[in-house]
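Order of writing sets the chain letters: A, B and C. Residues in each chain are counted from 1.
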Amino acid sequence: MAAYLARRLIQAILILFGVSLVTFFLLFVLPADPARQLAGRSATIETVESIRHELGLDRPFHVQYLRYLGALASGDLGRSYQQKTNVSTLIAARLPATLLLMVGAIFCELLIGLTMGIAAALRRGRITDQLLMIVSFVAVSAPQFVVGVLLLYVFAVNLGWFPIGGYGSFAHLVLPALTLGILGAGWYARMMRSSMVDVLRQDYMRTAKAKGLKPGVVLAVHALPNAILPIIAMIGIDIGIFMSGIVVVESVFGWPGIGQLAWQAIQQIDIPIIMGVTLVSACAIIIGNLIADLIAPLIDPRIKLR
Amino acid sequence: MRNLMLATATAFALGVCAPAFAAGEIVITYKDDVSTLDPAIGYDWQNWSIIKSLFDGLMDYKPGTTELVPDLAESYEISEDGKTFTFKLRQGAKFTNGREVTAEDVKYSIERVLDPATQSPGAGFFGSIDTIEVVDPHTIRFNLNRPDATFLHVMAINFAHVVPKEAVEAAAGDFGHKPVGSGAYKVAEWTLGQRLVLEKNPDYWKPDTPKLDKITFEFGQEPNVALLRLQRGEVDVLGDGIPPAQFLEVKEDPQFAGQIVEGGQLHTGYVTMNVKTKPFDDVRVRRAVNMAINKDRIVRIINNRAVPANQPLPPSMPGYIKDLKGYPFDPEGAKKLLAEAGYADGIATELYVYNTDPNPRIAQAIQQDLAAIGINAEIKSLAQANVIAAGGDGSAPMIWSGGMAWIADFPDPSNFYGPILGCGGAVQGGWNWSWYCNEELDKLAAEADSITDPARAAEREKMWSEIYRKIVEDAPWAPVFNEQRFTMRSKRMGGDDSLYVDPVHIPVHYDAVTVNE
Amino acid sequence: MTLATAPQGAARTSILTARRLGKVFADFAKRPLALFGLIAILGVSIAAIFAPLLAPYPPGEQFFDGLTLEGAPLPPNETFLLGTDLLGRDLMSRLLYGARTSLVIGIVANGIAVVIGSMVGVTAGFFGGIVGSALMRFTDLMMAFPALLLAIVLAAILSPSLWIVVLVIAMVNWTQIARITFTETRSLSEREFVEAEWSIGAGRARILFRHILPHLVPTMLVWGTLGVATTVLLEATLSFLGIGVQPPTPSWGNIIFESQTYFTSAPWLVFIPGACIVVLALGFNLVGDALRDILDPTQKGRF
């Protein structure tokens, strides 16, 4: 186990290295000039050049990249061009909002997905089952920005149950979390249904029922624990998908997370922020995959950690 | 899982602050976060006026107007030749750290902006400064390399605001988040991305200023959310103005009569044409473009929140040519001009545009108008930085300026010329995206700006009008409209309307607004 | 769980023969959801192909009377069946032409992604060695990127047009296919019938083309179909962020991008194109899911 984790750690570092190299290169070839963006409209060419020099942007690619890596090795993500603050400070200020949104989304996914999946499995083959599965298909086919705007329109603008975006209270969290979680809820409903159906077919389920246990107890004690592991593994994978979703959801709801930070930084070619957010996201994705891989052998003993 | 979630939710809910309703406290919303409050750096919509309230410069403007008045300076003197400006500092003006503002501080602040290490976007404004002399602790003298009529304006812009050296050094590179100034307010609390609270500076030197005790800025608020909250009484001023989509509804609702404030803005939206490349090297083609664009329709597309423009200067700017007819909307005439220029078969070109709404829409309207006279302009809708790059290296034949357009830094006609229409900006990496360079006009401009004698201001204004008249003739731009600002204040807010659409303290003059209780 | 993984062998070995294809169709026809999906796809395809005939107006024409005097869009009415957009253009015509954008990008981008992905996966799985592991490490690397951020940066570098958007999406989406085909190729290579071929001295090419690739066809078909749904959504998202196909080319995503701030006063401009996107993605998801059930029952759940 320890050896496995050590190997994964080395792999992760190599992947992060690669991600940083690729992103840095892409931003290097980007047809835009951060120095000029920074110098403002009234700047003379000399000012632009001196800012370029100050940022080290007049150096060749490898020098710039090695410099960045050197700083990164000591935990320094650099300073934002536009905001003139450490990128780590900026990310740290917005990460809690994003994490909260993701926790909320996972909660929605599980609550909605599992409820739908269990209900469908228990009513297998009947109309409820069919309807629930159709709903789950729609959930995975709907773009997040449409879902977000629809929820806003119905529940915030027309019914007035929730604020129309923004940040600051539990009520603010509901709609964005639901939007981010609805895609996963569709998947979980389908996964939960199929694993529940498998479990319900097992002999011990019949035995348990024969012993006169209440259906609710049978479900809670026997069926759920077996059905739930693959779902937990999926949460790991979800983190990667969330990393894309937050850009859209945070922009629709005005949620002050790292998705907004990244989007603004891309508009302004604020390279240190783009690099920082990309690396943080890549870390999250790697950790998520690791969780999924660690759980896999628990689900299916034939899978070995390699 | 659920318990954990509830715990988080409760903690989250407790952290929420109740809206401030106490007398003298107001709430203002913005969509975007304030990135920095360093006067040497801040150059955007949100922070421009906040910085003005935290810091002071030698000069300022009378609230709600474009009239220059001394601020930290008590008086000033301009030498005969217009090359030496001497300012006498006010006694008793103090930074919020308790230290008195001295001439040394003024010198330090401006040299700090000029230092490349500061990476200030304002360094270009101080190009006329040769040396800065501290005569005594309360007297400072600027020796210029040329007479500069705009110098008093330059001393009023944020980049010339005075900062205390010790606080800048103590902040260790993060002065933008730990600002210390001598302004009417000071920062009481700041949560990045969420809220900023300013409180009254009790030791402020200006009597009866500010009028409020506390201002809370809330960020990340969509303009339409902010509007609803204002209607519910939770917000006092819309920092971003009335959102276009709600504009019609609100404007027609009698409930809001008297709360809506309209004001002009020192802004022009225009299409640049690269005069160095075909086909726009021919003035007839550029004039044809000017005649092809249906400005009235474009104004309608943005819900009449602008007025059609026929010249670079906005109407509220000194030097605006009132009697100028400009180019009429005349597609037939435009076609004729194109044919004369040898483009009867049409032209294929590109129109660059910043990819945030409503700019791509406006570009499409322009595209349709151009298509009607045979100019087929492909739209390139890109991130702001990409458009700026394409303009600066000359690869963009046409650019719609929306979202990146010139909003004057100070109310003087020269401010619309230098970097965006003069030869100085028509270089690799410059901001003169039409690459229009008329050396004769550059000379005239220099001449006009050397008239520093206030008694000859009218003469100078007239010279500038002539410069812009010539530019309209040469048509490197197709001016499209001047944006109007529409904002809204809650019923409890007092003070003159003009304070909410202040031409300089954009968007709101925080020092001067009041609350009626 | 054991039940779900048991029939692994049986389906994997099957090649799509003509006879089996017939059975697949018969199976398919028995599934109402799959048929619904197919109808949705066909419907959108017809709209796309016959857009010039079906559309009441040219999609780019900005009507002078398509806006109110104050510049507000018109709600659905007799002249403009689905109303007008913020430039006074007929929404219905734009939707019909927008179907072309979505379909072309969905199918072509995903086609390229499937080709790149399977080339990488099969090469790595079949030939192995340094090249193979290098290819898979590169795939891992690409998978660690937040897909949308990568697409946004790529779009910014390449300055978007229809084909650039296709390219960007393909560049982001091929990794999943590469992973799957890699695993499948690896397991196929270790199977008895392949080993038997080796032992009788068959050439690499013969094994690859006669035995490995045909077995991958069902997988590629399933993922090719499901992937279109993902691609359609990604295109819409890029357009929604303003970095998709360039205006005035209509795309369902950029129609929403242009109108999103008006969703309270002109909801039809957001929700009708939104519904179109859902229907098309749903169609591909339903058909893909049915194909997976029929062709390859082992890969339940997620893609």
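Some notes on this structure:
The rule is simple: contacts are C-beta pairs under 8 Å (C-beta built on N, C-alpha and C of every residue); 3 or more make two chains touch, one makes a residue touch a chain.
These figures come from a predicted structure and were not determined experimentally.
Interface comparison, B-C versus A-C: the pair with the greater number of contacting C-beta pairs is A-C. Of all chains present, the one whose mean CA position sits nearest the global mean of protein CA atoms is A.
Subunit A and subunit B have centres, each the mean of its CA atoms, that are 37 Å apart.
A straight line joining the Cα centres of subunit B and subunit C is 45 Å long. Between the Cα centres of subunit A and subunit C there is a gap of 21 Å.
For subunit A, the set of residues that touch two or more other chains comprises 30-32, 266. Listed for subunit C are residues 156, 159, 260, 263-264, each touching two or more other chains.
Counting partner chains per residue, subunit B has residues 224, 383, 386 touching two or more of them.
Those residues of subunit B that touch subunit A in the shared complex are 1-2, 5, 8-9, 12-13, 15-17, 31-33, 35-36, 38, 41, 43, 116-117, 119, 121-125, 127, 173-174, 176-177, 191-194, 218-222, 224-225, 228, 383-386, 388-390, 392, 406, 409, 418-420, 424, 427-431. If you check the complex, the residues on subunit A that touch subunit C are 11, 14-16, 18-19, 22-23, 26-27, 29-32, 133-134, 137-138, 140-146, 149-150, 152-153, 157, 187, 190-191, 194-195, 198, 201, 226, 230, 234, 237, 240, 243-245, 247-248, 251, 262-263, 266, 274, 277-278, 281-282, 285-286, 299-300.
Contact residues of subunit B toward subunit C in the complex are 224, 243-246, 248-249, 297, 300-304, 355-358, 360-361, 363-365, 367-368, 378-383, 386. Those residues of subunit C that touch subunit A in the shared complex are 1, 3-5, 33, 137-138, 140-141, 143-149, 152-154, 156-157, 159, 229, 233, 236-237, 240-241, 253, 256, 260, 263-264, 267, 270-271, 274, 277-278, 281-282, 285-286, 289, 300-302. Listed in rising order, the residues of subunit C touching subunit B in the complex are 60-62, 64, 67, 69-72, 86-87, 156, 159-160, 242-243, 246-248, 257-258, 260-266.
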